[in-house]
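As written, the chain order gives the labels A, B, C and D, with residue 1 at the start of each chain.
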Amino acid sequence: MTYQPLSRDQLAARVARDIPEGSYVNLGIGLPTRIANFLDPEKEIFLHSENGLLGMGPAPAPGEEDPELINAGKEFVTLLTGGCYFHHGDSFTMMRGGHIDICVLGAFQIAANGDLANWHTGAADAIPAVGGAMDLAVGARKVFVTTDHVTKKGEPKIVERCSYPLTGVGCVDRIYTDLAVIDVTPQGLLVQEMVPGITREQLQAMTGAALQFSANCQ
Amino acid sequence: MIDKTVATAADAVAQIYDGATVMIGGFGSAGQPAELIDALIAQGARELTIVNNNAGNGDTGLAALLKARRVKKIICSFPRQSDSYEFDALYRAGEIELELVPQGNLACRIQAAGSGLGAVFTPTGYGTLLAQGKETREINGKHYVLEYPISADFALIKAQQGDRWGNLVYRKTARNFGPIMAAAAKVTIAQVSEIVALGALDPEQVVTPGIFVQQLVAV
Amino acid sequence: MTYQPLSRDQLAARVARDIPEGSYVNLGIGLPTRIANFLDPEKEIFLHSENGLLGMGPAPAPGEEDPELINAGKEFVTLLTGGCYFHHGDSFTMMRGGHIDICVLGAFQIAANGDLANWHTGAADAIPAVGGAMDLAVGARKVFVTTDHVTKKGEPKIVERCSYPLTGVGCVDRIYTDLAVIDVTPQGLLVQEMVPGITREQLQAMTGAALQFSANCQ
Amino acid sequence: MIDKTVATAADAVAQIYDGATVMIGGFGSAGQPAELIDALIAQGARELTIVNNNAGNGDTGLAALLKARRVKKIICSFPRQSDSYEFDALYRAGEIELELVPQGNLACRIQAAGSGLGAVFTPTGYGTLLAQGKETREINGKHYVLEYPISADFALIKAQQGDRWGNLVYRKTARNFGPIMAAAAKVTIAQVSEIVALGALDPEQVVTPGIFVQQLVAV
């Protein structure tokens, strides 16, 4: 059978659909940031950025960039009406104290038990940088991960056990890949959705840990 | 559209259940959410654990809640005052449990709960009755006591102005425990003197961001 | 010989003389609060109150009391130009983080090693209340204590070892009584000043721990 | 009269000594006290330990301080960026020591120093490389790592306005680490865009009370 993986925008849009109105959400650097573009403009969703703002709005119009109004990825942003600023202590109180409803992070690897690796390849010459990823991994009420289902070399990113250094232990709730939506459950990985045309066997073959399938996945 | 405002104080406290832990803002009567407390008395929830700096003054507010015998336990720093007769009577009759906490440990433990810490080594109380039985440790030549977070099911606080997203600003020394309790409770209910339009509060001046507030009511 | 103990105002004025300009100072409930009346109005001294203000001013004029502008003793106060408000977390950061230069506390007993007892008589039927005293005792850079030299029954308040429950261990730097100014030093209690007319022997007789005397105390 | 303002950035940093630990505010370049850093480079202090969220961007500010080889060690959460080449080169050459700290632990450890805590059990980093060798504890079914305060001899921060007592307000996301670093350093030096008259800042809106600031300079 043939199937078409989701584009990055389609993946972002798919995650956006699962974010309810009124949620406090932190979108990690990279693909997760793109999700903001697909949130329903009719819904009020509160975007948090760990450098100290809540109620983050879209990029400013050209010429209106303010170097003191940036997001965690150091991109220029705006503040929505009703948003506010605060210091790093208060910002991480939000993140670590269970006040952020959903965070969306990228991943190098996700293990079947919800372990996440996304900050360090472990290579000897790599310069590690962690930022707020470990705080979000342990502190958000729900941790969503977006990732390609396999690496550019075709290796599974969902694995039995992470070989890269961990970001957090058992922290992932749901994985959104370009091929499937997979919940991390106490009973293991449960596929909730697959792209049209893919078979269970094909998906399993590209996954390094055992998958279970919900009834609506043919 | 998200609108956290509710119509009445009675609506705001309707969800508080028997046996809940309830933080109540205020230092003496400054910042005490009197209307929310009155509504809680009318609502009838019992067997409450209350977290407050004091244990009530005179016969209104928290003192009236005590008098109505709704409080099983109080966690506070300064129960005994010239006008704390409601608490004094219950305490001497053995009808209320008291956990006495130094004020800074009270603030710090509330903050620890709000910020997700598991426990903190604090300097206050080392070598005193209030650290008896607690783990201690010497760190860089100073002595510390291990203290655990104080969290709550509900916080009732008073602010000056709020908007429909729950952003709050306070007035003078009525601010006191409001901002830190708001972060430490599952459900924070704020009474405000005025609900203002979204955007009316300067984003640089919001003291409690709306993420920490679930409901607010103008009184 | 005959001597005159300091009045409460004289004692307050004596402490006030030792507070340098620019100091951040917390004055405890009771006699210490009175010290504010004797600070040199030409000096800028920053009074802190643990309920959340810095730059505390004097009592308001009658009719101008604001129930939301009070001090730690729940008395009406004012705010000086340049003062500010903050929450309890920040207030106790000031107190416990070593940012308050001087606090002045009352005392039931002070031990020769600087132990302080000022919150609880230990009586079985007493209702204890501690407030911020323990925080100030451990957190201020210098802890001054003001007290009558003896109790109303004539018993020493400065003792070898406190019999009342402690507020803080080895925390007192200087004791101001109605009879003397005494430093707590690693070598013991060192009397720096005595009221005119009192002898070293008289002072020692009213003190429950051994005193040493600096050269300027005849 | 107390006046904490000094005339020039050079005056402000004159007291910084070789081997000092210096916190530098900012997240990337937002809130970075660029003029104070330039003055510090000109002043010449060496063997510094720097605490910052990053490890410099481009070739100005903190990056220039690194390039001038004044930094022995950096404590930060996110050193490697597209434009962190000055740090990258020193690190690969083994000429700078790196203590990598998750951003929330960095903030929390700075706050612990400012507020006099001995240590805190934090949730972040448990089970990871960054907790290796650290004490851990399970509290109420969750795992925590014991982390110690990070204090400093000096903090260099940037604010928008300040008065002669050192009260500060910030601008937008340039606030970031400024308020918490101010409380954690023995001597905090703020550069501000404007020094205003005492009383010009609303007492409800002061973000960093002057007690946490020892010197300020308009740049």
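As a working rule, a residue touches a chain if its C-beta (ideal position, glycine included) is under 8 Å from a C-beta of that chain, and two chains touch if they have at least 3 such contacts.
This structure is a prediction, so every number in the text was calculated from the model and none was measured.
The chain with its Cα centroid farthest from the Cα centroid of subunit C is A. Rounded to whole angstrom units, the spacing between the C-alpha centres of subunit A and subunit D is 29. One simple way to say how far apart two chains are is to compare their mean CA positions; for subunit B and subunit D this gives 32 Å.
Averaging Cα coordinates per chain places subunit A and subunit C 55 Å apart. Among the residues of subunit B, those touching two or more other chains are numbered 108, 111, 115-117, 122-123, 170-172, 204. Shared interface positions of subunit C, i.e. residues touching 2 or more other chains, are given as 79, 85-86, 89, 92, 96, 138-139. Of all possible chain pairings, those that touch are A-B, A-D, B-C, B-D, C-D. Across the interface of their complex, subunit C is touched by residues 27-31, 53, 77-81, 84, 87-88, 91-92, 98, 100-105, 107-108, 110-111, 122-130, 143, 170-180, 207 of subunit B. Against subunit A, the residues of subunit B that register as touching in their complex are 1-2, 111, 113-117, 163-165, 167, 183, 198-199, 201, 203-204, 206, 209-212.
Against subunit D, the residues of subunit C that register as touching in their complex are 21-22, 24, 44, 46, 48, 54-55, 79, 81-86, 89-90, 92-94, 96-100, 138-139.
Against subunit D, the residues of subunit A that register as touching in their complex are 49-53, 66-70, 74, 79, 85-89, 91-92, 95-96, 120, 125, 127-135, 138-139, 165-169. Residues 108, 112, 115-123, 137, 139-140, 142, 144, 148, 169-172, 202, 204-205 of subunit B are the ones touching subunit D in the complex.
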